[in-house]
Each structure stands twice: as C-alpha cells, then as structure tokens.
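Next, two complexes with subunit A in common: one pairs it with subunit B, the other with subunit C.
This part shows the complex of A and B:
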C-alpha cells in the first residue's frame, strides 16, 4: 500500500484535534497513575484475581470462537445464497448491538427463566448467570463475529486453484481443507483469534448484565475497573493502564495484518 | 440511568465528551427553556420519591427545572469528586456523605431528612417460602446483595452479621435498583434492599426483618459547592425537609426524623 497523496495543510488542524481527542484520555490515565505504588497495586489480590480470570475467560472465548467460528466462516465463504446473507447479518449483529442489550438478551435466553437456561439447569445442571461459564458465553457472543468475519475474508481471498489442483490430484475435501486451505489461512486465523481475544478481554456490558459481578468468579478486569473506581480510584487507574498496555500489545502484534507493509 | 431527566445537547457534547463525565453534560441542555435549573444527585433508593418531590418542587417554582440523577451512592460520590456539577446530594448513608464533606464539596452541614429500614425482596408471592434472614443461607437459594461499599450492601451485611447468618452473594450489585431487577427477572431468589424499594415496585414482595436484626439507614442531604445554583439547591433542600416534602417521603415508606 502506497501513502495517499499529501493532505492539504488546512486539514492538519482538525487532524491534530482528532489525535488530541484520542491521546488526551491516555495522558489523563498516566497523569493520575500512582507510579510509586504501581507495584503494590499490580500485586494486590484483587488485581491478580481479576487478571487471571480475564485471561482464562478470554482465552476460552477465543477457543470457542475458533471451534465454532471456523466451520461457520468456511460455510459462509462457500456460498452466496439468501440464507448465507441472512446468517451473515445474524453473525454481524453482536458487533453493532450495545453490549448491555446483549447481556439482557443472553439473560432471557440462558437465564434461569430463559428460553433454554431453565431446561439446561434442570437437566444438565449447567447454570450460566452468575457463573464463570456465563462470562465465557457472554465474551464468546460478542467476540466470535470478529473471528468469523476475519476468517471468512481470509477464505475468500484464497486462490481457489490450489484447492482445485489438490482435488485433481486425488485429495478428498477434508484432506484439501487440512493440508491446503488451513495452512494458507494461518495469517487470517491468527488475526481473527487475536482480535476476538482482545474484544473478549475488554468485554464489560454483556458480562456485568448477564454474569454479574463477583470477585474471583465473574469480576473480570473491566468489571474490576468499574468496581474499584468507586472505592479505590488509584486501583482502577492501574487496572485501566494494564488493559491499555495489553490492548496496545495486541495492535502491535496485528499491525502487519491490518496495515500491510508498504 | 434510571429516573434520569438529564438532557444533552449535541453541541456541548462534542467538545466536552473527551474531558468531562458524560453525565455532567446535561448541564447545558435546552437553552430555549430559560430559567433556573437545579441538579439533584440522589441515592438509587430515593428515585421514586425524589421523582415526585422534583415534580412538586417544579410546580411551586415556575420556570425552575429539577434535573434528577439517581445511582448507587458511591457512584454519585465518585462523579462529584471528579467534578460533576450538581447542586444537591442526597446520600443513602453518612460515610459516603462524609467523603464528599471531606473534599470541601459541601456548603454548610448535611442534614438527615429520612430514614429507611431493610427488607428481604423476593419474587411476587414469595414462591421459595423465605421467612427471614436465616433462610438466605439455604443452599438452594440464589441471593444477591449490593456491593460492600454501596450503603444498602453495607447495611445488609450489618444485619446479616447481627443475625449471625453467613450469606454468599452471587454478585455485588451497584445499586438497590439492580438487586430488585435481578429478583424481578427471576435470576435470583432473594436480595436485601430497603423496604421502600419493594413497596414502590410491582412484581416483587417483601419479607420485613425482625426488629432485633433490622438496621436503620440514615439519609443525609446537603447543598453542593460545585453546582451553578446554590440558592436553588438550598431551596430544594428546604423543600425536602419541609412538612410537605416529608409527607411525600412518608408516603413512599420512608421514616422522617
């Protein structure tokens, strides 16, 4: 990708304002960070607990996205029917819905009085609200679309002639998928997993609505920020800073996928 | 924001968003309605009663608009500490009010204007047969409390400790409104809130606490220094503590000093 034509000088002022808009909250965060006590805050039990829970749940959500989302992406990439279009809208919906709406909807489906939540709890003993499983479900719900759409894009960009060649050489569809398609898809898979994981890590609205807020069980990092803000703003600031760093690291890892080398 | 009557104008929102708490933006809404504007921050448990108090106040002071913002008290305190402009704070307990007084955000001294008592909130008809605090420890019940820093959560834990009942809350909720909502949805079997929370809402029932285990919640109100209308704030506080204001509170189930 080549740089676009030089922008007129007059546009620099609004462009700088936009940068300031993005930068100022981060500066504010750093400005209020209690640097001398940073280590103590990071080592506190509440932070360690929330961080561990966040990492576990977001990794589980990303794994769920991989297991369920990869087949879905493969199906979506293989057709153009009305059903495909409808499913694509369905998959995209969680990306644009306010997460708190997602939380309410999840409660009505998987809650104790929900569509399937009641039977699930009665027959299998699986309860989602107020459990860590609920956190994973909420995170997977909001994060999987990012994985599916990324991987679908990757699949559509593949040159179909490689798969066709493998097929003419006698490989069955499963073997073609495994030995030709998947290896070529690796960059898209990696990108999809990372972005889904990052979205899951930052999930707040659906989690607090659907899974509640209890330390060690459902209080992930964003919920810990929300809870700490009222009682110990310094701890909330440290947690926020940690989340900013993690997110920035993800962006850095993804820079080649999103901003291809010039 | 339940009970929120805060309005925003897009112009002020654009510039202010990056720097201020979103709530404070209500500050400049509706220039067309010239007149006074009193911003009242009230504890979540006061939402229904203060909604009516605000309407009654507006009726008596033509041209004045009361903008009511209700949330869990610690959230209000946080917003005030970070510079949200408001004229009045009605807190659900004294420690949270003290945190505002300590920051020199209060004009004059807070006055206690209401008291409240606790109750166990259950689904309508009390289907799980809850009779008292001891039942909340039952393994087959799912119970929620407010977080330990929310006044209702602190009072509830005091009551449970007094009755020597160990309850594990499945979630630390940010306000009594959230607790009542979870019980109404049927996601939990019971919670501990104020009596007034149950009396004012449909779809839930209450089990009052026996006198020896009950805890009296004390509500202080104060005029704030950060708002744009101290006089209006003082007038609203005077109205809440007047005979007419106290009558409204009593009607919503509060005890008045």
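This part shows the complex of A and C:
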C-alpha cells in the first residue's frame, strides 16, 4: 500500500460540484422516464435492432482500431522524425474535428462518387453509404485516434531494455514483439480498446452524415435517440436510459481488467 | 577461442576507446568510476550498440566490423547477458523466463521447460519458485534466475553487468561465492562489469580499468596493487596515492617532498601501502628519509587492525594494530610522528 496523497479539504467542494455536474443529467433522465411503459418500449423491434447494431458496430470498430492502430502506434512510438510528427497530427485530427465534418470528408472519399468509393465498389463490391460497413468505417475513423495515442503512450512508457534482454536470448524482432512487448503492453491495449469502443458507441455525427439513418442498417442507438426525439420523446428517453445502462454495465463489468487496482 | 574487442564508441560527450582480449575460461572485470563507459562496452559486445570504430570478434567470427563492416544483431551472437537489474520478463513465470532462450532457438515447450528446471536447480532456485512471477522474488533469487536464464541459452560468451549490485549486503557474500562457482563452470570468455573492487577481486582473473572512456590499465590484481596506473586504481585497492613531479630522487607533491628510490624525472604517481606507514609518539631515532608530524583525523577499527587517517600537507592512511592505537594514544585531534621508508614508495611514470 502506498500512502495516499493528501489534498487540501477545500478541494472537495469543487470536486462535489463536478460530481453533481455528471450526476444531474442522469437524474433528469430517470426523472422523466416513463417507468410503467418501460417494458413495452424496450421490447420494441426498433430498440432491439438499434441496440444490437450499436454493439456490433462499436465492437467491429474497436477491432479495426486494434488491427490497424497497433501497427501504426508501434511505428509512431519507434521514431521522432518530421514524418512521425506529421502523421501524429494526421492521426489526432479526428479527435478535434467536429464529427459532422468527418462525415462530409468520409463521403467525399468513400461515397459513391468519392475519391476511392467508386473504384472500391466497382472492384470489390464494397459500398459504404447506407450500409453497416459505412457505420463501422465512420466509427473507426473517429475512435481509432484514441486507441493509437493510448497505445503509443503505452509503448513509449515500456522499458526498452526488456526487448534488448530478449534479443540477447536469441529472439528475433517478431518474437520479441509477440512474447515480450505485447504482454507488457496489455494494460495499454485494454485501455485503448475501451476508450475506442466507448467513442465508437457514442458516435453520431459522422455516422448520420456518411452512412445515413437507415433502420436496421445504419441506425445505431444515438441515431435512434435522435430519430425518436422528433416523433416520440418518451421513446428517446428510454433509449437514452438504455444506452447509459449498457455503457455503465460494461464499464462496471470490466473495471478490474481495464483499471487494475493500484 | 576467445573474445577480441577493439571498441570505439561515441556516446554524447564521452568517447570510449578500449581494446582487450578475453580467453575462454577466463574472467575479466571491467572496472572504473561511474560514467567511464563500462556498460557501453558491454552493450557493444552484446550487440545492443554498434561500435563507431574498431572490431569485435568471438572465436574468430566477426560480430561487429565497424561502421562499414558486418554487424551481427544480438539475437545472432550467442552472447549471454546478465543485466544489472536482471530484467526478468515480468509477465512470464520464473520457469518460462529461463526457458526463453531455448524456445527462441526453436526447442519445443516441454523440452525447454525441462532444461530450464535443470538450470534453476543448478543455481539453487527451489521448485516452489518456478511458477512464481519474477516480481515476487528477492534480489538474490532474481539474480540466480537471471544467471540461469543467460546460461540456459547456451551462449559462447557470458557478460555480467554489476551482477551483485541489486542484491542486499547480507546475501552478497554467499551469492558472490555461488557466482564464482558458476563462472568457473562456464567454458567461454566471461566479462563482468564491476563497480566494487571486492566483486572484481572475488570473481575475476584479470582487471581492465576504464576511466573517462579510456583503458588506463589492465592486468592481474597483483600487478595493479604493485603499480597502480592511476589515482582511481590506487584508491580502489586501498593504497595511498600521490601525483607529483619527480627529480633527483625526490617527488614534489604539492609542496611536500618525499624521498623515493627512483631516478625518474617528470610527472609520476607515488603509492605506498598503509601497512608501510609507521607511527610514533616521539621523534624516532635512526634516519627514516620521510618523517613528519601530522594530526590524527580519524581512527577506523577493522578486524585485527585499525586504519588511521592523518591530515596535514600530505594526507596519508596508516594501518596499525589495535594495541598500537592504545599505546600511541591515537585519537582525532592528537598529533603523531609519521615515517615512511623510501624503499616502500612505489613510483610510476604518468
């Protein structure tokens, strides 16, 4: 046990304010939830569909972030050149851009008449607009930077001497990466996956702009909330509550793995 | 069959230039003050650094031929390393750490683990620790595991970077004895970076001394004791050491003069063993050539003797019996007569 860092008690007042800021919107949601009709709303096909699509797409986006983002993070962590700096800016850009701008940009690149969208559809038969693949692409685009930066930070924090020790034991670069670097990187990988997944789950702007709002194909939970707000505010509240509960449940279930006790 | 190193390394402001050879079955200690370039040399031998000049060869095979030559990466060198803080892989069990080298060379898991068990037994790590995480080991146990891991990979040369530095004093003597036995059992060249003269003396056949990146002296211990090549070496072996100018059988050490049995002239290093320094309550009869009065600064009792530190223009350490301390009334603040026979002074040109 490390001794706890002491903070002046006066700090607890703004800290309590911060907690209230996070808590009050949730209380608001619960306050206006139509509890008697909750079951009917939750069982409706639209809700089940949107929830399933959200979970699928966010998981797929997190996986894509892992497969493409890990090599990118490894490359970023390995150098300090101008190219590295430029690529880091490029990777960070989606974190700063408004998602709706991301959606427009994605459309111009991967849309039917986009830069590579047309050829991709002609050669591979993959179309993004109004397809679930488009949702995954949009979510990965906004979520991957969180994964890449988290994992790059993790890689830079690793003691490179362990890899050196493995090399003196006869391990080539691949074996060192697989057996020494990756296991030591596991906490950063888990944290990166978690933030990427969370970002993907909440993605709205890029998805609706790029992939459209098509029930069963591209209408994820945030889009369903937005759609319901216009027709049935009660349904929107129920959907929002559901999204809060699902997110909180996942965070709670994984709390030990993602944030091990210090 | 040996390791031949001629190393030039540029590390920031420090340029390391050292050439030495280590025969199979011989242990050489690299000694020197902090920042002298010992660990950099070791890293160059292991292939973790590329030399900026020179050449490293093991058993006739060139491992590093300089900037324009061949370079064998660490995984292709068969050079085992025991790192200073062991660097056991934190996410693998003790057993898998030791099996790692064999697994890297393509041995299957069961065979590698069986061999690893054998090595752990040999270095004295009980089976109860084999499945433990390295973080749960004591410093001494971690050192044994690190040695087993390096030896299990069947290297042709073994490098050890301050192997006993991370071990507490109580375990050190026993571990040093064990390490000596394991080194003796390893057939190839053995190189050890030592910060501590005791480790070097206990483990090495020969010493290579680096200072500021330069090799200042190499040889067996008795040679270094007889003719220390620098102040660092003299301090290391516990001798009194003065830099001065020699002319006409006298050395001028910052104003104080010492009569020496030497006809050298120019800059010299004068050393004298503390046992050769005699202390007297009254001015002694006879004619010791070097005689002066000095204040006692400190008396340090050692087993069976005492070291008396004396101040004045020529600070010197004398070693006397505990009985003499009482008889001469040696205590800080007292003054005593100091005599050194000229023949006990060793003069080395600088």
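One rule holds in what follows: the second predicted complex is superposed on the first by the 225 of 262 C-alpha atoms of A that agree within 3 Å, B and C clash if a C-alpha of one lies under 4 Å from a C-alpha of the other, contacts with A are read in each partner's own complex, and residues count from 1 in each chain.
One rule holds in what follows: contacts are C-beta pairs under 8 Å (C-beta built on N, C-alpha and C of every residue); 3 or more make two chains touch, one makes a residue touch a chain.
Note that the coordinates shown come from a computational prediction; the quantities given were computed from them, not determined experimentally.
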First (subunit B), second (subunit C), both or neither touched by A:184: second
Subunit B versus subunit C as contact partner of A:175, first or second or both or neither: second
First (subunit B), second (subunit C), both or neither touched by A:233: first
Contacts of A:24 with subunit B and subunit C, given as first, second, both or neither: first
Subunit B versus subunit C as contact partner of A:113, first or second or both or neither: first
Partner chain(s) touched by A:213 [first = subunit B, second = subunit C, both, neither]: first
Partner chain in contact with A:164 - subunit B first, subunit C second, else both or neither: second
Partner chain in contact with A:249 - subunit B first, subunit C second, else both or neither: neither
Subunit B and subunit C contact sites that coincide on subunit A, given as residue numbers: none
Partner subunit A, residues of subunit C touching it in the complex: 46-48, 73-75, 77-81, 83, 87, 89-92, 100-101, 104-105, 149-150, 153
In the complex, subunit A residues that touch subunit B: 20-21, 24-25, 107, 111-113, 129-130, 212-215, 218-219, 227, 229-231, 233
Residues on subunit B engaged by subunit A in the complex (per definition of touch): 18-19, 72, 74-75, 77-78, 81, 142, 144, 147, 149, 169-174, 182, 185-188
Touch list for subunit A against partner subunit C, complex: 159, 161-162, 164-172, 175, 179-180, 183-184, 186
